[in-house]
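First subunit A sits with subunit B, and in the next complex the same chain sits with subunit C.
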Partner chain A sequence: MKYRVSALLPAGPALAMVCGLVIGPLLLLIRVSLYEPATGRGFYTPGTLSFTNYAAFADGYLLGIAGFTVGCGLAIATMVLLIAYPLGLFLSSLTARMQLIALGLILMPKTAGLLAMLFGLQRWLPRGVLATLIAEVYLVLPYAVIVIYAQLLNLDPTLRAAARGLGASSWQVFRRVTLPLSMPGMILAFQLGLMWGLGAFLGPLFLGRPNETTLAVELHRQAFEYGRWPLAATEAVGLLVLVTVAATGVPAVVQMRRVTRC
Partner chain B sequence: MPSTGTNSPTAGTAPSCAATEAVRLERVSFAYGGQCVVNDVSLTIPTGAFVTILGPSGCGKTTLLRLIGGYLTPEHGQVFLQRSDVTAQPPQRRHVGMVFQNYALFPHLTVRQNVAFGLEVRGRAKASVRQQVDAVLDKVGLSPAERDRFPSQLSGGQQQRVALARALAFEPPVLLLDEPLASLDRHLREQVRLELCRIHRQSAVTTVMVTHDQEEALASSDIVGVMRAGQLLQVDSPRELYDRPRSQFVARFLGDANLIEATRLGLNQKGTVLIRPEQIRIGTEHPGRVIAVNFHGADLVAEVQCQDFVLKLRTRAISDLSVGDPIALDLPREHLWEIPDEDSL
Partner chain C sequence: MLIRKRVISVLGWGTIVCLLAPVLHTVWVSFSPDSFLTPPTTAWSFKWYVACFQDRRWMHAILQSLTVAGLAAGLAVATAAPAAWSMGNLTRTQQRFVSFLLLLPALIPPAALGIGLLPLVHVTGLWGTTLGMVLVHATIGLPIGFLIIRTCLPEQLSELETAAAGLGASQPEILRRVTLPLLAPVLFAAGIAVFVLSLNESLVSIFLATPNNETLPAVVWPQLRYSPSPLVAVASCTTAIIGTLGILIVLRILVTRGRHSCPSLTKSPPSDRLPACHEIRQVSTVP
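Take a look at the complex of A and B:
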């Protein structure tokens, strides 16, 4: 027990931050979602406790937004995976020196001002779903590439050599060795893309059409344009549920498929 | 008897088994980043032989094995497998089985799937694959209970058997073993070595093994090639190498060696002579004093200071020798082997 406590010490500042800046505000958010909407002045009716805000999810409008958000998330995750995996493969095939240069180039757009970049895209692409997806993929792609690249770099090169020695063609080596062994990295990259996509805000805000709204944009609108805090908090809780499902559900589905196959 | 190339003391020896050669290297060289790792090596390996390339770490023996397997392409020279020039062919075209030092088992596949890999990529029918996989796993002695496990669920010895089964499953004419016993403990190593010899006898596959362990090489092989700094110094039968080394390096690398200047022994010849510690007899010829005694179970190894040279003597442990004891040694003439002074280390 003594060992466990001392082992936790280095993680202390991070744990304190999680408790103070994540769990605390989260509890507060849930509490706000349980207030009744304001009837006169203010943002909610103090002293009330009700689930009426959650009934809004049964409403077609909010359900449509939630559906669009999930669709966006899945599309972004798929696009990210389709672009990041070949890029990660290419990166891992370079010499150590070239890998450093290429990594720098991939990360460079992240150092540019986010708004400047979005403004540039706005000038370049017509508003719509495609522009939204491209912007969000553009934003999350470097992280996904790094995740996949790290996974591929960890693959024992003798495994591929062994496969070739056993008679496998380059395609067979990829399909039967590289691809299955890099699956953890692919799942993580997909999960990253999905969670990023579910929380998509800047892309739809700057590049989406008004009827192509995600939950994040909608809750921003409710909270800061209309002052409907309980509804905004309810939408935020809904968004958090979606992200949690994505974070835990993707590995669970993969695990289930593995067990079924065995 | 294999032949070795221009850098070797046995250069020019005609291969007596040319008609049945399994592997031939002709003046093969390879460099990593400008540093020559394999230097002008020629070697002919007869079909069905168990050949071991022996040498210290970094001498280029694994590189030589990879050149045979096609994992590396020589900068100079040619590689022949069954008399066909395969120098430019990649490993998947060479039909050579290889057991890697770390076994390189596919962690996401079961034992059966690992062993079936080489057959499946060749498009063999499922029923035939299953039959062949079971046959080869029987051959290496892996029990049916272990066949559906993943490599991570197996011991080092079991993993070694799977790697061997996988390399043998598609019936290659040549099997390459890269330090196959290096990661096993001493007891298991001897057991697996004996099994390797049994499997080699049964399958008659031409086997090329690399190792740095001289006992392993001498005990397992029909032919041993000793390598140093990218060069094959001598290729011979284990007996020849041990009794008649052509360089001081080979003499020292293959067990304990007494290397003495011939003139110090009162011999009317130049150069250095070799006599192994177990060939020295307790007698009258060279009086001296015991300066160290090491107990080795069945044997004792004693160091004896004789005039101006030290001799190492291996004798049965029943001998009663202690440090400081006076002793006289005989060096039987029939066991003295002259080695040229060149190449001394």
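Take a look at the complex of A and C:
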């Protein structure tokens, strides 16, 4: 048993960083959400413990924002999947050298030119829900393409050749070999798209109208424009709950469908 | 058949061009000779680039961005590498535990992380410091660094380490003469990836920036939102140029390295291929 724990030692510093700067803040978030709002100076009233902030979810305003966030997340994940899958197929059909070039070009706007991309989109698209969704698709798409592309590369190419040899048309090969075998990649891409779509921040911030905000934008506004940290923390907790539901919910739904089909 | 292939290729490349178009538009606008946001057609100028590099606030932000990105990349690789290296010695459960925790920073919404970090940096005195920014950026870079190193660990690494130990090398000697030289390109690639990511990190930075430690994206975003100008386009392009160079380097390294260790990056499955002469020689000359 002792030997096993010591094997974790090399990972120690990295784990400590995640615990201190990710897990810690998340726990702190829950604590801050239980403070009462500040009266006068400060960001919250120290030493208080109450659920008053969570009552805000019961009124229509926050519930509306949460609903809008979920709608955005689902729309983003669906759009991303619909574009990423054909793009992944296209990518895997290229020669090794072209794959590399195409991959670099797909990664470039999100990873290297994030601000430049938002600047360009802002010039072209009038603010609104559609612009928000397009911007978020631009932000999430590269990751989804990589996930699907990696899945497609792992397919055994001889399976497709065998299917062709047995007389299947290229559509049949796609429908009955490629598509089913690449399903795990599609599910993962949808799941990640949903998780990132729920946390949509830059899209609605730069391209959404003020009344079309997601939870992420709303909590930023509460914290920085009104200094209401407890309420912002409460909204963040709500957002985390949604993301957790997405993370566990998508595989669960897939599992259920598989069981009912059997 | 040929027509269909052509249609597919036009659609595929067309999508990629659509993805690139907004960035290209911004680059175009950044050469504008006046302060309008229409792309220049006849007269081009570097006026806004000069203005950006002469402005103290922009320069401070650019330098701050580069410093933070460099330090964060170093820290992320220094912590992710041992973690990725040790995965082979762990049980299944431990592996899942470590991967889950190290990938967590990429999975939770940055806005929630930002608002959670706010009280933490206030309490610990990291508020407004470069150190705080570096720690946060390194944590955000951990997942990508870990993933790259993990998937590209050379296959023969543990065998060569065992061989070196059998030949009487001490643990530090193995690390210095076998492990690090073999890992160096992968670590470099991972470092560049984290660097590029950190340069563009604009979500958590928006929450944590103060005039003292603000990185470029934190200076750009309020202006981008309320008063876009060619100057903002220039500032956005600066990170885009550095970032693109970075991506090129990463892909290049991963592909030359990845021929053997990253089958997912190359098309031909290398499993049943006989090793080439130079590879055998290469392996046998390693101490």
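Assume the second predicted complex is superposed on the first by the 254 of 262 C-alpha atoms of A that agree within 3 Å, B and C clash if a C-alpha of one lies under 4 Å from a C-alpha of the other, contacts with A are read in each partner's own complex, and residues count from 1 in each chain.
Note that in this section a residue touches a chain if its C-beta (ideal position, glycine included) is under 8 Å from a C-beta of that chain, and two chains touch if they have at least 3 such contacts.
Keep in mind the model is a prediction, meaning the values are calculated, not measured.
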| field | Room on subunit A for both subunit B and subunit C (clash or fit) | value | fit
| Which partner does A:R176 contact after superposing on A: first (subunit B), second (subunit C), both, neither? | first
| said: By residue count, which of the two partners contacts subunit A more extensively, subunit B or subunit C? | reply: C
| message | By the touch definition at the top of the document, which applies to A:L114: first (subunit B), second (subunit C), both, or neither? | response | second
| query | Which holds for A:L49: it touches subunit B only (first), subunit C only (second), both, or neither? | reply | neither
| request: Based on the superposed arrangement, let me know which partner A:A11 touches: subunit B (first), subunit C (second), both, or neither? | output: second
| query | If you stack the two complexes on chain A, which partner ends up touching A:Q122: first (subunit B), second (subunit C), both, or neither? | reply | second
| query | Once both complexes sit on top of each other, what is the least C-alpha distance from subunit B to subunit C, rounded to whole angstrom? | reply | 11
| said: Please output the residues of subunit C touching subunit A within their complex, sorted ascending. | reply: 8-9, 11-13, 15-16, 19-27, 29, 37, 78-80, 82-83, 85-86, 89-91, 94, 98, 101-102, 104-105, 107-120, 135-136, 138-139, 142, 146, 196-197, 199-200, 202-203, 206-207, 216-217, 220-221, 224-225, 228, 232-233, 235-237, 239-240, 242-244, 246-248, 251, 255, 264, 266-267
| task | Name, in rising order, each residue of subunit A that touches subunit C in their complex. | result | 4, 7-11, 13-15, 17-19, 21-26, 28-29, 32, 43, 83, 86-87, 90-91, 93, 95-96, 99-100, 102-109, 111-124, 138, 141, 150, 153-154, 195-196, 198-199, 201-202, 205-206, 215-217, 219-220, 223, 229, 232-233, 236-237, 239-240, 243, 247
| query | Hey, which residues of subunit B end up touching subunit A in the complex? | reply | 69-71, 90-92, 94-98, 100, 102, 104, 106-108, 117-118, 121-122, 166-167, 170
| message | With touch defined as at the start, can you tell me which subunit A residues reach subunit B in the complex? | response | 156, 158-159, 161-169, 172, 176-177, 180-181
